[in-house]
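Two complexes follow with subunit A in common, the first pairing it with subunit B and the second with subunit C.
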Partner chain A sequence: MNKYKAAIADLPKIPTTFGQKFKRFIKRNWGGWAIMLPSLVLFAFFIWVPLIENISYSFFEIKRFERQSFVGFENYSRVFQDPAFGKAVLNTFLYAFWSIVIGFLLPLFLGLLLSETVHFKGFFRLGMYIPNIISGIAVVLMWSNILSGSSGSMINGFLSLFGAGPVTVLSNSKWVIPVIVLVMTWRGAGGTVLIYLSALQTVDSTLYEVAKLDGAGVFSRIKNVTLPSIRPTIRLLFLLQIISVFQVFYEPMVMTAGGPDNASISLMYLCYKYTFIDRDPGAGAAVGVMLALIIGALSILYFALSRRTKQ
Partner chain B sequence: MKRKLLCIAIVLAIAAALLCACQPDNGKIKITVGFWPDNSQKSDIAMYEEWKAAFEADYPQYEIVAEPYQYSPETVAAKGNTGNLPTIFQTYFTEPAMLIEEGYIRDITEQVEELGWLDKIDDSMRAQLTVDGKLYGIPRDGYGMGLFINLEMLYSLGEIDKKPDGTYNLYDEQGKPLYPTTFQDITELSRKAVDQLSNTYGILILSANKQGGWQLANMGWNFGTDALEVQKNGKWTANLADDGMVQALTWIKELANEGLCYPGASLNYNDWPAKVGSSEVMMAFVGNDALASPITSYNFPKDDFAFVPMPTGDGVSRHALFGGTPYVFADNASDEQVEGALRFLKYIGRSPETDDIAVAAMRKGFEVARQKGMPILPTIKAWKNEDYLTIANEMETSYINVNYEYFKDFFDTIYEMRHDEEPYYCQDLYGLLDNAIQNVLKDPAISNPLTALQTQNSQFQQRFLDKVK
Partner chain C sequence: MTALLCLSRSAAITAGVILGFVALAELGVIVYLVLRKRVAAGSVAVLRTKRLRKGDRIPFRYRLRYKREGLITGIEYKKWYFKLLYAVILLILFAAVLTAVIPVLWLFLAGFKDAQDVFKAPFTFWPESIDLRKVVEVWKVVGFGKYFLNTLILVLGSIVCAVFFNGLLAYAVSILKPKGHKIVYGLIMASYMIPAVASLVPLYANINKLGLKGYATFIPLCLLYGANSYYFMMFKNYFDTIPQSLIESARIDGAGNMRVFFSVVLPLSRPIVGVVSIFAMTAAWADFLLPYLLLQDQNLYTVMVVIYNLRSTMASMADFGIDKYLIAVAITILPQIALFAIFQRQIMGTGATSGIKG
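After this line comes the complex of A and B, so read on.
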């Protein structure tokens, strides 16, 4: 009996409390944790602390980026009363809409074209990717000059050859957002095309052969073989596109300063404007929180929809 | 053992890196100078280095540290909140109230008084830099808004002729100006320019970066609005939708509707030298302190432009927005640093002093400007003491390198036309007026200037003026 008890006492203790369990967890994976530690510290410092601070700021009166007094939802209420906020929300959704129309379908189309290209594939791939490596500010400045409303601008010079124009697209409240999205697409499409291209190259070629034997044409093959095969990539890029477009910032800032009359202002730019131009970090933080909630809600909605589609 | 050695080596490497980043402390009082020229301005840097050496030789307890900082309302918060503002830096006359409220700058009354400079500051500038009886800045110079005109274009349109010596004649036989003196004149001249000159617009109307609002405020005054902020029963009230302002905005609307002004609803002050310098635009409203830009940056001929007083809108009101550049001092600057920085101003020719050092510095500034090919024009002085004014004016006259006749009317009238900027949240006011201009420019045919101004008026009242106690 005593022998039996001694044997049990020699067995490693089963952790019962949280502290013990945590200790064992760390001990078991200490090598992995040691490798991750610098990244975790940096991640916490640069992402989580500012994120939590921002939420906290949105409920306080802020002076010199320090909390003065708790004001509840006053910052939110002030933001809601500002007509620029309504415009920024609407515009941000318009950016998302146009980026789906222009910026989401175009790279897919280009990716399909490129995958079918036989000659000069590398040349086209490089050509499409080059705008990606140009500085974003340089791109928007270049396009601002091209699209300038003056009669001597490139676009108006070109239009005048056909007796048309001059056009002032960046001062036109109806055109300004699609035009900015077009510029964003010009710069960003190349990268997305390459991702599509890599996904397209993983499609099993026997599926195409079978489809061909079944008499499927090009469009039928794309519809029934290609698109279903790369659906996870399309879904991921769609979500990333929405999230990145909701954070559109420097393009309207540089090209139009959010104008004309806030016609191109985005939520991110409004957040910057409150914080650094109007010196109202509380209101800026409130916009940041609302933007995060919108993106979070859209992500949840998207995942819910895609789960239902799968089922 | 190996692991321990590795840890020690890493710690030593980090410590060495940190030590390398530290500058040895020489025990001197450091003055960081924010208005130091940036790297592209080689001749200016050489001049400042010379001034720094002279100052440090006379005051060995100080060390001048260059820290070029181009002030903007957007960047000051980031620098101010982190305690990184230079000891002394430049700002605008509209800014001190905000900078004091945010705690970015400090009171310098005692130090300025000690130097005997307090009563030598121009009265209007001193008032703009004083809050609750305390002085928060030293004026560098002032500027007045006026109208820049391309004389070569004016001549091409047959509006002016040339004298036998080849210079332009800006006056008729009765001595009446041939340049535009009313907003209506500008419209008519713009119409001619668009009709007769290729790829040219009449005037540049700014609409972004608060600079559209800056111009519109002056236009509104000249259409009869007294002030954009008025005190009623002890409360400050926004007056942005006053009749004069509506007329001014209507004038812009009509220009845009006819295609007479340079197209675009996001033009800012950086655009004017480019558009004027490349002769895409014939006229622009600018400050007299910025006239060198098209010449130095775009090779615009310095003898081909005039700078004339702001036009009138209602035939009676004629004002020039009067602003300027003050030097202010970071909140965390010590008394010794402020004293040193103030004394350094003498070494760069920006003080009321008239001793050899100050005069030599002023002369050096003119010499460098001349070497750079800059147009040298009269300036609006920051100091009012007679000895300074005599020397400064004499020196200035001897260095003027443009045809003064093209600028005479502006400088002759600026002191009576000057109109100070609005007292509270002026930059925020300009930002909201930008929106009103953009509202009109985005669709001039159907826009309503009154509604556009009323919207911004209520915003300005709610978001800003209601905060004034």
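After this line comes the complex of A and C, so read on.
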């Protein structure tokens, strides 16, 4: 009996008073917080604090990146009065439209084809993925040379095969956005195709068998079996596509400098231009706040959808 | 096609012949698939009698006939119009691969032309000769050695930060779970999608306020990778699968929190450490905007900053034309292709690339 008594005496005491409870709380949790602390400092410094500070910056007059005096909505009204801002908002819709037409449908189509092939599959996957590995800045530098307006550039050499005259797509306000979206798609499609491919491989083959027994043709099978089966993936990638449209940046910065006549300016580039070219960080912060709000709203939608997908 | 096949010298001709062979072989396969008659029954007998399992490698020519999964199966491929459809599918995919590869190929070849020939009117794909001395010359003139070293420092620092800080945070949130870890998790998820560039102004101002000089400027650029929600999520999802019993047993053996992390959790999660390292490596290599804004001293430039600036400074450089510029861009792409070749399985295997992102 004594043995057990000693063992019971050795057990930690159940805390009863507030002081004891507090001590136990600290003892149990300080280790975890100590480990989190360095990373939390980094998250605060690089993400959370700038995000909050950005809002305050947008309400201040800023000189040399220091907040001077509170000016209310002056930065915002300056941005709203700038014709470039209206243009950038309009362009965002154009970017979104074209990236849905080109950047969203093309990978879906290619993924569908790729999942059906039984020959050269690895080669196709690899080949399509190659543009994905090149850094964004190198891609736009490369394409601005390929698309250059001189009659001996690759795009014009290609068009001359069909007898079309030399074009200067990057200085043509009608064509510049579709062309930029094409370049983005060229770079990104391979990765998206892989995501679709892995989703398509989970589609149950017996569903196809059943559909076939019902006399469904190929297109009817795609419409009634394939697409509904991968609808969650399609929805997520659609939203990701829209979110990434708001972040179009390197392309207008390097290929067109937002031109011609602001025809390709994007919100992200406008934020950069206000801050570092026009030396007006207040306006830049105002655009940044609006961008963060839009992307924040879209990403809430994204998480709501992805949660439903998991269930 | 005439423009593409404007071949002149031997190097170009050999390359052209290879491409021609590929095209011919491709055409042959397509014609074969469309026109072939029933194969002699004897040769297929093995395939008929053996039950095919998933992962069985079927010989090339029987693959279509024994396709049992997916939208269209082997039975339908007996009909000629389905064979035609399959040929069209292959053609479209070949075209897609060509579209993906040809611009890169052009970049690698165009630099070997003379400066005035790069954009000369009838477009030609192949250069007259491929003189590798030109690459060495560009390397020396631009002084790539120094910039590659800078980039290497940045990349190594970023990998260490990405694994160490995100890993520790995920370890605390996923395994230690101190009171309040859910708040931390919520905060990280809330800022998951919003790009750092949206709050560019205060970010730039705050880093500048640190007043760092010389190579110390690299410190915030590396630490930035220590605060990455995406890497954090990858770590957390992986740590969630580690059985608690392993951690408990290490605890009973008297291991402290850090000891558990370094001797139990990290060794168990080698695959995810590898994936995060590779992602951080490629991202840090390609990073442009913040290095461009923060690195004022030319001796500190990274490779991406150099090629961007080269575009405007090459006008003032003697004997540095568009051809050499294209070679410079190609030089910066080569390591990326090499890295991809080495880590291809890890990069493509995760499939976690997030669509189009600049």
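Before moving on, here are some points about what is shown:
Assume the second predicted complex is superposed on the first by the 249 of 311 C-alpha atoms of A that agree within 3 Å, B and C clash if a C-alpha of one lies under 4 Å from a C-alpha of the other, contacts with A are read in each partner's own complex, and residues count from 1 in each chain.
Basically, a residue touches a chain if its C-beta (ideal position, glycine included) is under 8 Å from a C-beta of that chain, and two chains touch if they have at least 3 such contacts.
Since we're looking at a predicted model, the values are computed, not measured.
With subunit A as the common reference, subunit B cannot sit beside subunit C without a clash.
Judged by the touch definition given at the top, the superposed model places A:T168 against subunit B, while subunit C stays out of reach.
Contacts of A:S69 after superposition on the shared chain: neither subunit B nor subunit C is touched.
Contacts of A:G103 after superposition: subunit C is touched, whereas subunit B is not reached.
Once the two structures are superposed, subunit B and subunit C can be ranked by residues of subunit A touched, with C on top. In the superposed pair of complexes, A:I133 makes contact with subunit C only, with no contact to subunit B. Of the two partner chains, both subunit B and subunit C are touched by A:S150. Using the contact criterion defined above for the overlaid structures, shared-chain residue A:T16 touches neither subunit B nor subunit C, since it reaches no partner. Applying the stated contact rule after C-alpha superposition, one finds that A:T202 touches neither subunit B nor subunit C.
By the touch criterion defined above, A:F120 reaches subunit C but does not reach subunit B. Clashing C-alpha atoms between subunit B and subunit C turn up only in stretch 293-301, chosen from 257-265, 293-301 or 383-391, once the structures are aligned on chain A. In the three-chain superposition model, subunit A touches both subunit B and subunit C at residues 65, 148, 150-152, 275-276.
Those residues of subunit B that touch subunit A in the shared complex are 73-75, 77-78, 80-81, 98, 102-103, 199, 201, 207-209, 262-266, 268, 275, 280, 428, 431, 434-436, 438-439, 441-443, 452, 455, 459, 462-463.
Residues of subunit C that touch subunit A in their complex: 1-4, 29, 58, 60, 63-64, 67-73, 85-86, 89-90, 92-94, 96-97, 99-101, 103-104, 106-107, 110, 118-125, 165-166, 168-169, 171-173, 176-181, 184, 187-206, 208, 223-224, 226-227, 229, 256-258, 261, 282, 285-286, 288-289, 293, 304, 307-308, 311, 322, 326, 329, 332-333, 336-337, 339-340, 344, 347-348, 351, 353-358. On subunit A, the positions that touch subunit C within their shared complex are 25, 28-36, 38-40, 42-43, 45-51, 53-54, 57, 62, 65-66, 99, 103, 107, 110, 112-120, 123-138, 141-143, 145-146, 148, 150-154, 156-158, 160-161, 184-192, 194-195, 197-198, 205, 208, 212, 218, 221-222, 226, 237, 240-241, 243-244, 247-251, 254, 268, 271-272, 275-276, 281, 284-285, 288, 291-292, 295-296, 298-299, 302-303. The touching residues of subunit A, counted against subunit B in their complex, run 63-65, 78, 81-83, 148-152, 166, 168, 170-173, 255-257, 259-263, 275-279.
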